[in-house]
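Each structure below is given as structure tokens.
Look for chain A in each of the two complexes below; its partner is chain B in the first and chain C in the second.
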Partner chain A sequence: MRGLDLRYFVRRIGMFFLVIFAAASFNFLIPRLAPGNPIGAINSRMSQASAGIENGQAMFEAYRKRFGLDDPIYIQYAKYMWNTLRFDFGESLSAYPAEVWEIVRPAIGWSISLIGVSVLITFAMGITVGAMLAWKGTPKLVRAFLPITMIGGVLPYYLLAMLLLYLFAFTTKLLPMSGAYDSGIPRELSGPYIISVLRHAILPALSIILTSVGTWALTMRGLIVNTIGEDYMLLAEAKGLPKRRILWWYSVRNAIPPQLTHLAIALGYVVSGAILVEIVFSYPGLGYQLYMAIVNSDYTVIQGITLILAVSVGLSVLIIDLIYPRLDPRVTYVAESSG
Partner chain B sequence: MNSATLPGTTLTNLKATIGGTFRRIIAFFQENHMFTFGVLLLLALFLFGAIGSLWISPKKADMGANPLNLSPSAEYPLGTDGLGRDMLAVMVIGIPNTFKIGFLAGAVGVLIGTLIGLFAGYYRGFADTLFSSFADVMLVIPTLAILITISAYVRVVTVEIMAVIVGLLSWPLPARVIRSQTLSLRERLFVEVSRLSGANDFEIIVLQILPNLTAYLAASFVGAVSAGILASVGLEVLGLGPQTVPTIGRTLFYAFKYSALFRGMWWWWGPPVFTLATIFTGLFQMSISLDKYANPRLKSAGRG
Partner chain C sequence: MAGDRSQEAKAPVLEVRNLRVSYTTAAGPLRAVNGVSFYLWPGERLGLVGESGSGKTTTALSLMRLMQDTTVVEGGEVLLDGVDLLKLSEEEMRQARFAKISLIPQGAMNSLNPMMKVGEQLRDTIRAHQPKGNSKATIDARIQQVLESVELRLNVMDSYPHELSGGMKQRVCIAMSILLNPKVIIADEPTSALDVVVQRQVMETLRRVQVALGAAVILVGHDMGLMAQFVDRIGVMYGGKLVEVGPVRGIFKDPLHPYTQLLIKSLPNLDMKDVFRGIPGLTPSLLTPPPGCMFHPRCPQVIQRCSVDIPKFVEIKPERWAACHLCEGGRQ
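And then the complex of A and B:
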């Protein structure tokens, strides 16, 4: 591929696996370093639920055997890593014998579409508004937009989510308050179902978009301003190209690639924020499942979801890094300029 | 910026330096309205908590200490929540706790980050490669995910433990900033001069490099406090924060758990939302004015 040499490619992929490896190792180590033990926690939870369990000790032993806790630690580690690689996170503790993967899989779709669509809209809006702010001919009305969104940019997503929910769902009842679709409609690709899904997604998506678009616009304006002194801008002006064309085809085009780097850095933050937005709206994505798992002390589900979050952020950053040199020919990772 | 403070400063020099620093701090506040505004916002909130606790008995923040679900009135200016807590008392106790977590977490994060950054940037080589790759890996993994796993197992009991756990994970960003600055500072002339005049590594780092990092340290600290509060409130909202004392995030956790939003009890979720908005606004104002000092190029770019 243009601008990509094999060494950089291998290094970048290696970095991705290092991230997954680190996240998985954290997941393995934390429960073993923490005081107390999960089996004891399950036992005490079960005895709370049914006022004492028979053969508690025998069950304890059975669990130890089942989870391989009698093996030496490095065997446990190897087994754990092998299972993780196959997306086998074991069984849910609260919804036993359902597998963690079965519980998590439907949630992934909801989260990816919510976060993905919000990020794309934010990105497009941020670029457009930022470009317009840097341009002298922009009407005052658009200029007033920035300070307003900057106020939102200070807040964590879920605070705005609560305000939006109160204003548009609770008070005015314009939009639904919780969930991802109306339960009365059959879940198939029909008109009413799609409309219901969209109506449920508006407020969660707006919470993410409105709080982040200001920052995007501001950095975009900075990047555009930086292009003003460049030679190609001077040449474009000297050629007598219309101002509008210079802005969109010369300035904006050159300012977009660095924004992608910002996106790669911001992604972990967006995902963390979206977790809490899902809880506000009881939106059935990974964040809400995580919340339910914490409430139910379902450790295997908690581990599965946190690992999936780390992997998906790592993967998105990897993809952005790999397409980056394709989008911006000025950036090459050939030979020693790598890293 | 105070550069080239050569070792062997006499006491009178030191006094003059302290006086000069003090005057410079005053001038800084006068010049940076946004920074001052941010500090005043935070100070106002802190005083609300500090002075409030002199008037209001902390017992009123206990469950069942008051009638349930009262909207604001003369007796309960912020109403009571669904579990019979006086919301005013909850806020008065919760705000200082949230500040405490933020500042402690920020201090831990910046301290570790600075030590690692100075070490990696000054000595370079293998240690630098190791620390930098580790920091890069940590930056990609969403911190909240690790924090959730830790808190799910440890079930944090006190405000202090919470702050330290959050702080232990927030060092990569400060470390990266300090490292890159140290890398460039160590090549500067005044460092070279001091090395030639026989200063050892420790003296060079503490007396030559560190004083030139003040702006970066301050900016990193404000950023780390902000990130610390954000992360800890996030955990508390999930029900993973300190279990025994009221914090802003824990108030929100109860508001979610007992559907305050759907029951129209705005006085339950409103005050914590307002408080958090004020805290983040204040910290944001501080961080953008500090960024101008840490990153002078922004100043000219911002003019447009």
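And then the complex of A and C:
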């Protein structure tokens, strides 16, 4: 590919795996530094449910053995790394005998579709609004309307989420309160199911979109304003190009590469970025599952989710890095020795 | 010379009458171009010279109505083939740009879009004016023709601007300016970013394609040496006004306006190696212009009238125009 040589490619991929390795190691370490104990959590839950357990200590030991928590820490680490390499995150500690993967897999789907799509919509809206704010060709009426999109930017998204919930779900009952679909509908690709999924997605998506469009628009406006004084903009106008062509192919085209980097990182964080929204709407995405896992000191689920988070951030940054010479032709990645 | 008798029967291709342009500033309107009038014969090369801030670039860009939000054309006429460009609608003006009057920009280094291949930037120029019916092959054939005429290889079409040298970029800009066979080409200090050797080559190229096309050129700059080699007539600007216009030989041999005289005296001279003379004083503030003649505070030949009356821009001798009370009074 133009601007990219094999040596750089290999080096960059190597860097990616190094990052994942480091993330996986921290991932192993950090939950074990936190106070609390998974077996203790299970025990206390059980004793709350049935006011005391017989042979509590024996069960505690059995669980510790079952999950390998009685091994020395380095053995646990080695086992963990070996399993991680095989994408085996083990069994959930709190929802045993469910596998971590069984809990995480559906959550990934919900998070990517809700938050991923919301971020993409936000990006597209923010870019457009920002460009139009900066552009002198924008009709006055539109221009007067645009700053409204900024209002959401001053609200924390979880507050807006609760406001929307109160207005549209609790008070008027126009939209569902929580979850990702109506449990009464069979989970298959049918009209009612899709409608139900969409209806459940509206409020969480809105609370993400409305609170972040403003930020995207403001950055974009700044980047566009920077291009307006450029010499190539004068020549573009002098050439008699239509305004729209100048805006999109000269101004926006030059302003957008840093925004795409930002988008890649934002998409990488899709997994964790909206934990609070998922909690407010009890939306069964990764953020919600991560929260539940933390509450239950569920090491294995926490490890599974944070590793997925690390991989997704690393992967999206890797991808944007490798395609950057396509986005900005002035950027080339060629090892120094080969010129 | 293109500017003399043989063409007098014809109409000028461009006629500028009493053009006034100002910038809106916090301190009030700044009159950057203050009643500029001149004409341009078909195929003629006219130089506009002056210090920084004399209004030469503003004048040139105003002819194409290329201005910032803060620029206001306060009055005047820009007649291109008898049509007043200042009265055209936005869309009509857009169509006229490059098709009738084109620009070779000042910042050659950054005038091409860094994100787009050179070929695409040439193609969109043609497409903007002939939106339908032209196949890519026809468009590319025309592009190849102009690239050859400015001595560029065809593979520049597949290059990004940063892959070209400064001289090559400026050649691309020249090629672009002649793509649609305009009648007038405005060259705004086209070589100011280039070194002297490349400068000469680029100017030679510009002259060749301009002569082949029969287009008139307005060359904006402050390099009197370059002007002497390239243009037929020179217009000297000072403080937003034309102070003298005349054939290049006449102006160098016998400058009429005291400012022009000082300007020519300040050129490096092989016979007088030791002294390097400038013009004492500073350019006037355009926010609070001096009364009378703009140049009178710096003029070595200033008389009483100069600080009171604004001198008229009149034809002193055939083909020689100047705005100075001394000349008006029939000096020589």
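Definition applied: the second predicted complex is superposed on the first by the 259 of 339 C-alpha atoms of A that agree within 3 Å, B and C clash if a C-alpha of one lies under 4 Å from a C-alpha of the other, contacts with A are read in each partner's own complex, and residues count from 1 in each chain.
Definition applied: a residue touches a chain if its C-beta (ideal position, glycine included) is under 8 Å from a C-beta of that chain, and two chains touch if they have at least 3 such contacts.
From a predicted model like this one, the values you see are computed outputs, not experimental measurements.
Engineer: Per the contact definition in the header, classify A:295: touching chain B only (first), chain C only (second), both, or neither.
Structural biologist: A:295 sits against chain B, while chain C stays out of touch.
Engineer: Of chain B and chain C, which one touches more of chain A's residues?
Structural biologist: Answer, by number of touched residues of chain A: B.
Engineer: Using the touch definition from the top, say if A:220 reaches chain B (first), chain C (second), both or neither.
Structural biologist: neither
Engineer: For a test of understanding, state which residues of chain B touch chain A in their complex under the given definition.
Structural biologist: It comes out as residues 133, 136-146, 148-150, 152-154, 230, 233-234, 237-240, 256, 261-262, 264, 266, 269, 273, 276-277, 280-281, 284, 298, 301-302, 304.
Engineer: Name, in rising order, each residue of chain C that touches chain A in their complex.
Structural biologist: 64, 66, 69, 94-99, 102-103, 105-107, 109-116, 124-125, 128-129, 160, 162, 173, 176
Engineer: Taking the complex as given, what residues does chain A use to touch chain B?
Structural biologist: Spelled out, the residues of chain A in touch with chain B are 15, 18-19, 22-23, 26-27, 30-31, 34-36, 38, 133-134, 151, 154-156, 158-159, 162-163, 165-166, 170, 177, 221-222, 225-226, 265, 268-269, 271-272, 275-276, 279-280, 290-291, 294-295, 297, 299, 302-303, 306-307, 309-310, 313-314, 317.
Engineer: Please name which positions on chain A make contact with chain C in the complex.
Structural biologist: Going by the criterion above, the answer is residues 136, 230-232, 234-242, 245, 249-250, 253-254, 328-330.
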